[in-house]
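In the part that follows, the structures are each spelled out as structure tokens.
Note that chain A is present in both complexes that follow, paired respectively with chain B and with chain C.
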Partner chain A sequence: MKRYAFNELTVFQYIFLIHGAQVGIGVLSMPRELAEVAGTDGWISIILGWALAVIASLLIISIMKRYPDKTINDLLTLFFGKWLGKACIVLIALYCAVAAVTVITHTAAIINSWILSRTPGYVVTIFLAIPCYMIIQGGLRVLGRYAELIFYMTLWMPVVLMTAMPHTKWLYLLPIVKEGLGPIVTGTKSTILSFLGFELAFFLYPFLQRKQYASLGIIVANTLSMLIFLHITLFSYTFFSPDEITQYTWPTLNLWKVIEYRFLERMDIIFLAFYLFYLSTTSFPYLYFTVFSTSQMMGTVDHRKHLAIFLLLIVLALWLYTPNFIDLKKLTELWSFGGIVFGYALPALAVVPIWLLRRPSEERKA
Partner chain B sequence: MTLRGWLRRKRVSAKDRIQSFPARPLSNSLSENIAELQNIFTLTPDLVIRTFESSFVEGTAAIVYLTGLVDKNSINNNILRPLLKQQARGDAKILDRISVGEVTVAYDFATVEKEIFEGSCIMLVEGRNEAFVLETHGWPQRAIEEPQLEAALKGAHQGFVETAIQNIALIRRYLPNRELKIKEFLVGDRGATRVSVLYLRDVVHPEVLQEMEDRIKLIRIDTILNSGELAELIEDNPFSPFPQFMVTERPDSAASHILQGKIVVMVDRSPSVLVGPATFSAFFQSVDDYSTRWLVATFIRMLRGMAFLIATFLPAVYIALISFNYEVIPLDLILSVGESRERVPFPPLLEAMIMELTLEMLREAGVRLPAPIGQTVGIVGGIVIGQAVVQAGVVSNIMVIVVAFTAISSFIIPNSDMGAAVRLLRFLMMGLAALFGIVGIIVGLMGLIGHLIQLESLGVPYGSPLAPVRFSDWKDFFVRLPLWSMKDRPVSSRVIQSKRQGDNRPRGDGK
Partner chain C sequence: MRLYGRILLLFCMVVSLTGCVDQIILEDATITLMTGIDLNEKNELIFYLSSPVFSREARLNEEEYGVKADSMRQARGRFDEMATALTLSGKIQVFVIGKKLLEHPHWFQLMDVMFRDARFSVNARVVVFDGPLAELFAFDPIDKPRLPLHLTKLIDTANQRNLTVKTRVQEFHRQMVEKGETAVLTEIKLDRAVKIMGTALLRHDGTYAGLLESRDTMLLQMFLHEREGETSMTIPLPIQDDRKKIVKDRLSFFLRGTNRDVKVSYRNNQFRFDVKLRLLVDIAERQFPFDMEKDYKKMQKMIVEELRKEFTRLVKKCQENGTDPFGFGVYARAYEYEAWKKVQDDWAAAFAKADVRFVPEVSIKSNGVIK
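Presenting the complex of A and B:
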């Protein structure tokens, strides 16, 4: 039974959906967060975080491989029965909702503080919600196409960033591992949030056309994200001095400020505007899987009504209350916590029982 | 789709108004038949009924036709003359004397009526309850000319005309192949329009073809005057600004699309044909691309891509930079822009709107006017836009440059439907830029992408080969690689037989 045949994803779409979900709000603040904890050795934490993410992703794939036609929601109902399963789906929908809300509120807040400082946050959100609805209502197939297209469309950004190369001082990086391994390992914790996105494989796997590439694809996605994180972090570390970097909330944006042409200044504004595409590829999959889960739970096929309600709720919430940066930080922490549970702990815990459960039935078949 | 349901209901009720006559059979008596015909064709001064005696028929015979729709030479020379000649009959039957190619026999008045309207000559004979339908049509026709809208520098200089039969012949000249199949449908209850669907049977995907046929069969309407009307009735998304069928007047372009695995829909009486499934990229290609050198063609393709971006976004970017994000422009530049805007009383959005609307009006005024007056409009507009407006301090110099640039860019897009879509989008983007600056433009672009990637034409993705990305089709997209490198038909048109050519790469002498 192929329930999800209509929305099939190609391998590239699968890679870029995961990669897009990973590269999001984290990139803007990552160099500072890492520098606060691990100093200029933070870039090593990224590699460690990448290794963890790859291990967790491979665990997820190894679980999903045993039930190639089922998303995590189907699996939960299968294992825990109707009611407990539904409760679990609610939790997952909540997790996705938290992720989506975090990214959207961050987007609105960054735009508000960096470009449109006089526009109220909810107006920006209403405005963002329109393309949001247009794209997500098309379902996963459209999301996949979107993620892939956006990846190619934003390829110029790291290249242009390279023009800041003459301003960098690579000596800032030395000595490597100056304070021992402790800070580096602590720093890994803050990269976990940035690598979140691979857990979408729980949903994406059954939609994938050629499942033999699932593991390879997810490794490629993680590696791509790691390269982008590394690129930005190394650049920030060599551009700003080790003390200066911790003073900026979003060092990545300040990095772009120095790139100037005779006809164009303040590249950061253009960069940030284009960065909306990256932020959209992070929030859209989470938004989609929130409404996908809720509509599946309610037993409706059409996710569009739920999507409209969810977007309306977000706008309404932001209209009633504009979150300040402390609220945003709390939201991020909530998402990290959920991500650790859903992305790292769940696969680690589930892989053993599923492996044991499935084994006998396979032997019986043979 | 409540709206669609509503439209459907209206259409059905429109059908109920049309009275359909039961098919009455012809009688044996000639006079009865003629009386019945005169009854059907009341108030029809162009109906000709000629009765005559001939040695080839038992008794009297009559021919009936609508003058103007028939070829009079053919009737005089091939029908009347041999029949009126006094000659021994011998074994010859009636039809043996008539030198007309296509002859059929009709037995009821409904068919006779339809055939008369289509320009056939009907021959009735005393004592026979049948009518000979002689194909003699020869309605007023235009000579074959080069289409004005799609002039080609190096391509053929033939364009379609208003007669489907001739148009089919024009395509057959390019594709003398038995796999070129033509399916005919009659659309319209009041004036049945012959709609022909042309395709290569072993190339076109049957599902796509079925989709096209189903959509055409579902139409219930008085009549279709133009292929544009048909397109509006069978397209996928009626609310999209983008054309979902390619409309062309060029037989070579139609033939090349058929070869790519697309379907051509021809509407009788309309000189333009529909090509589907269309993709977004196809609207930026022209036949000339394949007859110029590929490097040149690639350059022109890229020019068009750039023109699309400029025509859609340039005024919006201007508005955003002037009224919102002026910190992006370096100080010297912003000073010179400010200097030129010093006397301008309008906010940038209004300034841009005034100029863009003026330009659109000039264009629209020039389009339908005869050439000499059209030129006058151009000169008047040129003076008004170029100088007077700036000197009067209504708009700034830079705005004039921006408008001129967008105008030129929008004319570079080879397809006029796509050009019109771009012009509409431009105003939307201007509005967004005035509301939110650069963020507005980016979100507008996001929405545009979102719309393009889910649009479909006959169930085939419209954004292909960009979204979904199909790298194998990129050989004929932003770049136009040498013809010998395009060995397969485009994946985007969903074909079942993809091989197009063998290894034709020229190797020069050193083989």
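Presenting the complex of A and C:
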């Protein structure tokens, strides 16, 4: 009965997988994106975005609770039948692929403009793809362990960032709610992408060992991400002047540039090198679930072949065409759109019919 | 076996990383420690660079170049044509601007590359040099270390005693872009030795507005940073009839702590700032007889009066030359947002009309170890 028992996740692995998927490329540009819309009130949007994400997460859990041994892919086949179900799985695989590709291309672009400006993007991607394959081929449990490890490994970051505290000016935050509620609500839209990652619960739920902690775990993951977003955003707002912050593409990285010790300059490079781990915890789960879906659809158990092909395709694509910064933005928007559908709209729409089906049973195929 | 295979793979990856195209060997690098921009007599841009030379055969330990160019990136190409190796911009410590350049508005655009290129260091100290930059870069005293290092030390330590400000490139960017404050830079001059003149005031468009001497800089720093570094002020006090004495009635004190409180109000198209400064001071020097035990309140009052006078004069000076180094605009935005929105694009004009009142509160905490 338990198809996924082999790859069970502990509660911590579940939390950090979701948290890792949430905190990724969004953090680097978030302060600017929010400031463009909501000025220095952008941090309030984060809290609103968090509330939305928690609601959507809880809806997802409430759906998955009814079918504790099934991933979203199994559910779709169950509800829509074999062929329509497969079409849906293709869409989901595509969504995960877009997310993974977005993160990987962003990673390559950031490395390109910040550290290795003359190394071609595809070479960077090859280097990213090798550890990618090594970790993801191990399956979901390895991914969970990896996400947990990375979280502990990067705990020093906020502490070091605090050393830039004397340069901050909290006066920049005043007045709070300066232009009314409108911009703050609009700003929430741009936090949606950053909170994406919770929708992985659609896949993760059946793997979770102790399912009674599913809701609590996802709230913890969301809150953890919210705290990181809030920390970075508030810090950027008080460090940069409100007139200035909109000029930086990745204000978070500029923040690190001023930290300097007698024995060490250019902290931003070191931060970025470590941040690559954090970015990897975003791309890995999406990569995994892309190939998980495709291999399930093809009826193969082994996801490794698909993984190798997918990674090769990414490298090949980047070798043929290096995306410019406009393409990157379009990719992000595409992912955002997909995320709104998959992460927010789908659970909101699905929760009603699933609640109406009182007793979950195998026979009743809607 | 598989584990070893993986470790081997990882090892190969790490090793091959060093083969990236961007690697640069230290021998092939000319590390720029100091760079500068100036105008010559014909109003052409001249870029300067100073970099240490690590070679036993070279007799001087530094190389300096000045080239004509239209932009910093273009200048880099010219430098590469002359300097021993490839010029690098990641380690710049001091960025010098000729005072002549500051006569022209919007010169700040020249610094664009420093922010656009992520590999530029943003921690260089920005300095105004009074005189032709060529002299500064050619300056090579025998009793001082390499010029960039000497300057770095000079600025840092002078800033520790609050004789001048220390504005780094990143902070300078903020001061230039922020609408509610204007930039302040260290000003130096060459006079047998490099001497710190004080703090240069810049208008919002980047033009030079005036010089704050070290005394005024202390007041400014007191306001901006409350208590940072070491502040020691000497002020004249009108105790007795001011006769022609050699030993004047002077009192020096250390600042032990500061606390500032700014209240903003807006009435009749005029901003009003009430600045309350609470100072805790230690008397360091007193060149006249005074009964502290009995009259210390009187002494506090005299210091208050003197400081109030100084502050008012300083603010007036800034208002007259169209600058706001205090960042009163930031307070205006924080507390009177609606009014601020109307004047934000020409804050200097609005600030010139503003009514700024200083109310220092002094409390003497220590009188030294003699009576």
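Following the convention adopted for this analysis, the second predicted complex is superposed on the first by the 357 of 366 C-alpha atoms of A that agree within 3 Å, B and C clash if a C-alpha of one lies under 4 Å from a C-alpha of the other, contacts with A are read in each partner's own complex, and residues count from 1 in each chain.
What we mean here is this: a residue touches a chain if its C-beta (ideal position, glycine included) is under 8 Å from a C-beta of that chain, and two chains touch if they have at least 3 such contacts.
In this text the structure is predicted, and so the values were computed from the model without any measurement.
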Determine, under the contact definition given at the top, whether A:Leu116 touches first (chain B), second (chain C), both, or neither. both
Answer with first, second, both or neither: which of chain B and chain C does A:Phe80 touch in the superposed model? neither
Once chain A of both complexes is superposed, is A:Lys178 in touch with chain B (first), chain C (second), both, or neither? second
Tell me which partner A:Arg266 touches in the superposition: chain B (first), chain C (second), both or neither. both
First, second, both or neither for A:Val258, with chain B first and chain C second: second
Quick one: classify A:Glu244 as touching chain B (first), chain C (second), both or neither. second
Quick one: is A:Phe127 in contact with chain B, with chain C, with both, or with neither? Answer first, second, both or neither. both
On the A-aligned overlay, A:Tyr213 touches which partner chain: chain B = first, chain C = second, or both, or neither? neither
Check whether A:Lys169 is in contact with chain B, with chain C, with both or with neither, and answer first, second, both or neither. second
Jot down the residues of chain A that show up as touching in both complexes, chain B in one and chain C in the other. 115-116, 119, 127, 130-131, 134, 260, 265-266
Residue numbers of chain A touching chain C in their complex, please. 113-119, 123, 127, 130-131, 134, 167, 169, 171-172, 174-175, 178, 240-244, 247, 253-254, 257-258, 260, 265-266, 268
Sites on chain C touched by chain A in the complex: 6, 9-10, 13, 17, 20-22, 90-91, 115, 118-119, 121-123, 168, 170-171, 173-174, 177-180, 330-331, 333-335, 337
How about chain A: which of its residues touch chain B in the complex? 10, 12-13, 111, 115-116, 119, 124, 127-128, 130-131, 134-135, 138, 142, 144-146, 148-150, 152, 260, 262-266, 269-270, 273-274, 276-277, 280
So in the complex, which bits of chain B are touching chain A? 325, 327-330, 333, 435-443, 446-447, 449-451, 453-454, 461, 463, 466-469
